[in-house]
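First the structure, in the form of structure tokens, and then the observations on it.
Chain IDs A, B, C, D and E follow the sequence of writing; residue 1 opens each chain.
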Amino acid sequence: MSFEQVLLMRNELVLVIAMLIVLAAEIFLSGNNRKLVIPIAVGAFAIATIIAWFPQPEGVIFGGMYQTDTLRQIMKNVLNIGVLLIFIQSMPWLRKPEQNFQMSEFYLIIIATLIGMGFMISSGDFLMFYLGLETATIPVAALAAYDKGKRKSAEAGIKLILSSALSSGILLYGLSMIYGTTGSIYFHEVANAWGNTPLQMLAVVFFMSGMFFKLSIVPFHFWTADVYEGAPVLVTSYLSVISKAAAAFIFMIILFKVFPTSIELWKNVLYALTIITITLGNIFAIRQKNMKRFLAFSSIAQAGFILLGIIGGNAMGMTAVVYFALIYIFSNLAAFGVVAAISNVTGKEYMNDYDGLYRTNPKLSLVMMLALFSLAGIPPVAGFFGKFFLFMAAAKSGYYILVLIAVINTIVSLYYYLLVVKAMFVNKNEHPIAWFKSDWATRIALIASVLGIIAVGLISHIWEYINAFSFGI
Amino acid sequence: MIAGIPLTHFLIVSTIMFFIGIYGFMVRKNLITMLMSIELILNSVNINFVVFNKYLYPHQLHGHFFSIFVIAVAAAEAAVAIAIIINVYRRFNSIDVEQASDMKY
Amino acid sequence: MDFSYTIWIILVPFFMFLLIGLTGHWYKKAAGLLGTAGLAFVFLASYYTAYKYFFEAGKVDGVYQQIIGYKLLWLSFTDKLTIDLGVMLDPISVMMLVVVSTVSFMVHIYSLGYMKEEAGFYRFYAFLSLFTFAMMGLVVATNIFQMYIFWELVGVSSYLLIGFYYDRPSAVSASKKAFIVTRFADLGFLIGILILSYYTQTFDFQIITSQNGPAIAGAPAQTFMGFSILTWAMLLIFMGGAGKSAMFPLHIWLPDAMEGPTPVSALIHAATMVVAGVYLVARLFPIYSFAAPDALTFIGYLGAFTSLFAAIIAMTQFDIKRVLAFSTLSQIGYMMLALGVSGYGEHNGLGYTASMFHLFTHAMFKALLFLGAGAVIHAVHSNFTYEMGGLRKYLKITHITFLVAVLAIAGIPPFAGFWSKDEILVAAWEHNKLLFWVEYLVAGITAFYMSRLYFLIFWNKTPHYHHTPHEAPLVMTGPLMFLALMAIFAGLIPFSEFVSPDLTPYHTHLHYNIAIPSVLIALLGIGVAAAFYLKETSYPDKITAALKGLYKATYNKFYIDEVYMFVTHKIIFGLISKPIAWFDRQVIDGTMNLFGIGTLWASRKTKGLQSGQLQQYAFAFVAGAVILVLSFVYIWA
Amino acid sequence: MNVVIFYTFAAIILLFSLLAVTSRKILHAAVFLLFVLISTSGLYFLLEYYFLAAVQLTLYAGGIVVLIVFSILLTSGIDDRFPLVKPLKAAASGGLAILGIVLALAAVLRFPFAAASSNALVVDMKTIGRSLLSYDVNGYVLPFEAISILLLAAMIAAIVVAKKKGEKQS
Amino acid sequence: MDILTLFVVIPTLTVFAIMFAKNLEQTRMISAVGMTAQLINAVRLIIAYYDERNAGNTADFLFQKTYVWFDSLNIEYAIGIDGIGVAMIALTAVIIFTGVFASWTMEDLPKEFFISLIILATGVFGFFISLDLFTMFLFYEVAVIPMYLLIGIWGSGPKEYSAMKLTLMLMGGSAVLMVGLIGLYFYSAPDGGELTFNVIEIAKVHMPIEAQRFFFPLTFVGFGVLGALFPFHTWSPDGHASAPTAVSMLHAGVLMKLGSYGAFRVAMYLMPEAANEMSWFFLILVTVSVVYGAFGAVMQKDLKYINAYSSVSHCGLILFGLLMLNKTAIDGAIIQMISHGIMTALFFALIGMIYGRTHTRLIHEMGGLLKVMPFLSAAYVIAGLASLGLPGLSGFVAEMTIFVGAFQQNDLFHRVATVIAASSIVITAVYILRVVGILLQGPIKNDKYFKLSDATWFERVAVITLIVGIAGIGMFPYFLSDLIMDSLHPIMDHIIEAGKPALSQVSL
């Protein structure tokens, strides 16, 4: 195994190095210098992100356990960008007094989980997949419980860790049956030996249940809202965009590569769950008053849309999912960024706190509006393109009725997104949130997100670039 | 050593154990006992892996190693979970899962 | 010969309308003179055209030609169905030019005096010009769609003029009523046009009325409910004419239209616009005559009925303008009747000629009557006969001219009405005896109520006037005198030399056997009226008392208005419009809202699912997985 | 002999699993869990995976159970008895679990597991060690590395949550 | 830059310029200048179009430009225009121009108001120049969504409710429409060519009838919601009643036309067989809505409600003409789009101006306005007369063309529908005259009203521009009709050709 081959893991390697740098900084900095850990971590991660962008060859190493190609690299880059935005947004939050003693941990855990996601996406066998999945999940529970002073945070932590343990247990049962019926854990061997006996189908269903948990698909979604609400805002945004996108990527890859012959089964399952998820996500989102919880349910509905891209099993769907994930990251991070900025300054997280926000903080309101429009899929912001292409992908395989149900649901979602817009722009408020100046980190992150929201849709090269490397069944 | 014991008997044991774990997870209100139920689940899965390996695919060690890694993950998971449980205990003065339901609807 | 200048007969009033309408408020008083000057041009041009047409250029080989003076493609629906705007000159259109321009010019002059105190003076003249424009466009229409266009325009100018005193609620509602009733009739006209044009694939009068044209020679064989499709079309077209010409039961707007200024009543609601329906039937006469005789018969009977009906009502009214309005109805009924009893060629076409003739004479004397009534109203500031009387002493010129007009309408020779009415009676005698007798009766009644009106105004008792009534100025009496001359001499025109359905002149002569009894009947009517009303007597009250129910019904115009009110307010508004508005808000919109409310309701109801209990989440999770297995592995695999 | 041993272990596993999730004393439950884990390791011995059995004993039965017992001691009274499970909840959960068992076993028992055709690998420490450090097919060095990151992250995570410092501000 | 793209660029630049405006004056001036430029550009377009046609260019669409956008999906920014589009663009330019003047006195968040308004207009312009269904749809939604803010922030009455209802219903329509468009895309190359959103390309292929049967209703209803298709019209009364003046103008004037234009250009043109087959069903709906809207307007008390219902009726007439599926009727329908656009814009402008003075829109609280504001009242009468189809004003031309065209369908079903629809002209007269009678005529009811002033200069600009439009079309319809008719030939040949076998089955 040559050095070049090892370099195929460049993304994970640079992340490990970044992690070690943070660790070292944590160890060697003390006293007043401790705050330096924040810029060091963000800087190190930024460099890692940039390095990961350089083109790299495709390849398979470790006997097929790790494989990389341009598409997976794109997926990882998408995640990196999102995490970078979160890191930038996190800077003011971590500097606050109550977080004083835990700065590096946040970065360490997130980078570690990101490495796990990297392994997961690049996995060539179920073992690496499983380990990546767990690496990406278990430490995040600690992050959810990061606000140790708060009951809700602790509750979020326990709900996340126990639910995810249960889900991975069920997923593992499925994996064990996959192994038992095929004799291998390598993707290509499993795919070759795959039949459609009840046991194998049961295994696939159990496997999918575990993934649905990560994707927050109804009825495996219940943890989502509670955890999102209880966790610190940035952790919530991390959970809602990064880990969800990563899970969607690998879920799609495994379905396409390992279980193409079971397409009838998983199509049916996805069909049913897409409808339930979008509908229920929307219905639950309507009544939410807490912004984080509201975005949680909206993200459940969004997950349902992601399934639309998967269900067709075609290359266009894969492109659409990756593309949508990128847009979704920008949109959701913009929304969460505003929520975080307001929450950091005022501690307010409820929708009616936002009444009249436009008159006092027009820029934040505009960012929020663009983000929500993007989530709702309204042109010319990118969300429109994302959703349109997802629908097209599903339609390509003939799922017109499903698409129809989904688009009708977008109306419900538009309703609740507009509720927030209404609060900010229309509602009158005696005591609106006073004007405040966001710090530069927040601003950079928000500007970057808004640029992303606008550019990703209009600039077709991004779509074309992803599309060039996508594959279907 | 395994002569005379059918594969399916192992699987029956592990499957029942799996669902006992799930049952426990659903009914035991104590957070620690819920964690214990998780351990039952993982353990049953391990049995599956190992038995499949031994009976059907003895020429390699996928199931065997998978079990080892699952055990390691289980340990990590338990560590984090217990840390959080203790945290919950501090906040709620209880480790009853039904108490930890500030967030709902 | 070039008649293309005739387009200016239409365009000049139109530009006057724009000019006065847009800029009139800057020079208010001069607007009247400006409008009158415009009309003077129209007047002269019309007479010039008439002269040229009848005496120089119109006849070729003894047959009058239909001359297209001007034509412009305005809109094309399909390759064949196109609307041209143009000027078609033929005997009746030229005659109408004369009628309209004469009366309009007189009214313009008259109004300089009558309307000079009004705030909306310039507006009045703008509208008058608009009306003249529309009416001229209507009469010279080259095709039925052009006619419809101007038809609507006269409708709207009528609306604007009736509602001239827009701060009077009664005027507002009268104008509304006039417009809506005629609009309803026009719907029939429109549908008639649609049907006709579909089968003929043309709007052009010359083509559809030609003997071997698509309407007559190639009439479609389709029938609908027993009548040929063309009969239906012609009946529907007639419905438009009936609306404008206020035939029963669409007559209800006309008496109310008297809310407008009196000169307007003279011009629009007596002399010109209301006869448009007659003109329409005359214009399409060949089709009625050849392809839809049933429709023509219907027109005749309807005309007779209306004329009788209106005459009866006229006997009981006290508002002088209303009496005149009902008399107008009655006279238009005459004209319709005349058309209904007309044949096509030679002497058979007498009814047609008589109708046009009567139209012509009626325009003159009826305008005279209205303008005279205007002078009276101007003098006493009231419309009601019981506030008048003995005015012959104060209003000498008005008195004389009014008397002339009354005699003319009563059919006393040698006044104009006698001649035209005589021809109608002859035509009726030759074709339909029943209608003939009805007309005899109506002639008597007409003489009665017109004389009644005359006596009530100029004789009878003299009430106490607040101001001594005085004669109107010359601008008002001048037109009266001119029209009186017309009312005296117009009857002497040998009409059949000019107007006939087949465009071929023929000779007519007086039928003494019909004329003498009719004069006697008229004299009888006048005599009775004189007996009743020359002096204040008690006869009218006695008769009224004797015929109480009948009188009341007649006085209330047979409650037709009430029926309409019931239909519009109770049924259209109450039973259709309001329920629809309610239905839309509650049911349709309610359904849409229900989706929203339902979603919110579902959201509230499902709240309990997200219970915050981790173990319930786990249960859902496991149940989800198990159900998926059950459904997709076992049941639908 | 081995058959008897197997069924004994199986019986122990099932019985004590059930007891572990039904016992009303938490410490008892932990002990029952320990029995289950030990019996499982016995099964691994039976299957001749001695290394795995050892790991099971030390890491699982040893490490995790001790961790659990400690946390029990930290958070619960020894003599606390759990209240009875609400019947509806128990019935629903139990019913679901039984349905799950039925469905799973129906699938498992119908699957035609083909007996091994190839020769069994001798599972000694050398093989295990070589596999664990091999980066070829059937080598496990990458998972080995990956799990180290997991363990490191989990350690940090556990410390973050368990550290008491943050509390003082609240 | 090509002339069509300018229609999107000018408003976009205007929006950016407004962002940097310092005060109200500048905001107004920038908007006015920008929209005047747009109007001039529209005039330029008309001239260029005629030049091109006179030079013998007989292509269906002129000024075509195609820029590939999403290569792999074959999505293009494809623009081009025919006579119908030219007419619609001229209409839009006029209305946005007057809309700016009608909102001259907007003082609450003026920058945001003008920005939203002009974004809306950008969407409309983009829609009309697009030949690619994707960009068309994109612009369509861009045109719809600012409505929410415009009504929600600057509206009156139950504005939040109305804004939400309007937005949700319209976006609901567009959602359904989206499925239709996607369907069109995937059936755009049945012979295995490259899939495309390009209207011209799709028109060339023959879509399987089963697919048409599924996608035609979706597309038609999707557009129809915006075109106030019964029973999806209920957003209209509430929305219009709550919207600020310029928004009502633009919305009723132009945006609702997007619906009918799309229904024609996309649904009927691209799926002609289904259009022929299913037109009877929608014809029933629109015939109902024509009469129903008119009756609904009769007893309303609020000026805007009256106008909203009248729009339902008139827009129903547009769809009615379209569904008649012959050249004349469709020609009429398109003239009606223009006519109703200007007319209703005038109405809403006047209502806004009257409301700005009397602070009420309830007709019974007002009266005798002719006395105190003769200019506005006269303009209102003119608008009313145009609405009830007075010859010489635009409404007449449109309605007559529709009815004459509709009557060319030789079967009882279409005939009866035509007669029913035509009867709406009487009901229209009823409600228009009722309003005129109560509102403008009669004595002045409120002493305060004696002090009211007549129109200001910017209001006069707006009103006169629109009246000139109405009268221009009404008096010289030939040019417009000809412009449209020329462009209709290829479309109608396509649709009628497709209908030939189907028609015999459907005729009742």
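Just so we're on the same page, contacts are C-beta pairs under 8 Å (C-beta built on N, C-alpha and C of every residue); 3 or more make two chains touch, one makes a residue touch a chain.
In this text, all values refer to a predicted model and were calculated from it rather than measured experimentally.
Taking the definition of touch as given, a chain qualifies here only if it contacts chain B and chain E alike; those chains are A, C. Farthest chain from chain A, judged by C-alpha centroids: C. Taking the mean of each chain's C-alpha atoms as its centre, the chain lying closest to the overall protein C-alpha centroid is E. Each chain's centre was taken as the mean of its CA atoms, and the one lying most distant from chain E is D.
Per-chain Cα centroids separate chain B from chain C by 96 Å.
Centroids built from CA atoms put chain C at 77 Å from chain A. The geometric centre of chain A is 27 Å away from that of chain B, both derived from CA atoms. Chain A and chain E, compared by their mean Cα positions, are separated by 42 Å. Within chain C, residues 596, 607, 610, 612, 614-615, 618-619, 622-623, 629, 633-634 each touch two or more of the remaining chains. Looking at chain E, residues 168 sit in touch with two or more other chains. Within chain D, residues 89, 93, 96-97, 100, 103-104, 106-108, 113, 138, 140, 143, 147, 150, 154, 157-159, 161, 167 each touch two or more of the remaining chains.
Here the chains touching each other pair up as A-B, A-C, A-D, A-E, B-C, B-D, C-D, C-E. Contact residues of chain C toward chain E in the complex are 25, 73-78, 81, 145, 148-150, 152-153, 156, 159, 163, 166-169, 172-173, 175-176, 179-180, 183-184, 187, 190-191, 194-195, 197-198, 572-573, 576-578, 580-581, 584, 588-589, 591-593, 596. For chain B in complex with chain A, the residues that touch the partner chain are 18, 21-22, 25, 31, 34-35, 38, 41-42, 44-45, 48-49, 52-53, 56-57, 62-63, 65-66, 69-70, 73, 76-77, 80-81, 83-85, 87-88, 90-92, 97, 100-105.
Against chain A, in their complex, chain C makes its touches with residues 596, 599-600, 602-604, 606-607, 609-610, 612, 614, 616-618, 620-625, 628-629, 631-634, 636-637. Listed in rising order, the residues of chain D touching chain A in the complex are 103-104, 106-108, 110-111, 113, 134-143, 146-147, 149-150, 152-154, 156-161, 163, 165-167, 169-170.
Note for the complex: chain A touches chain C at residues 158-159, 162-163, 166-167, 170, 198, 201-202, 205-206, 208-209, 212-213, 218-220, 222-223, 225-226, 265, 268-269, 272, 280, 282-284, 286-287, 412, 415.
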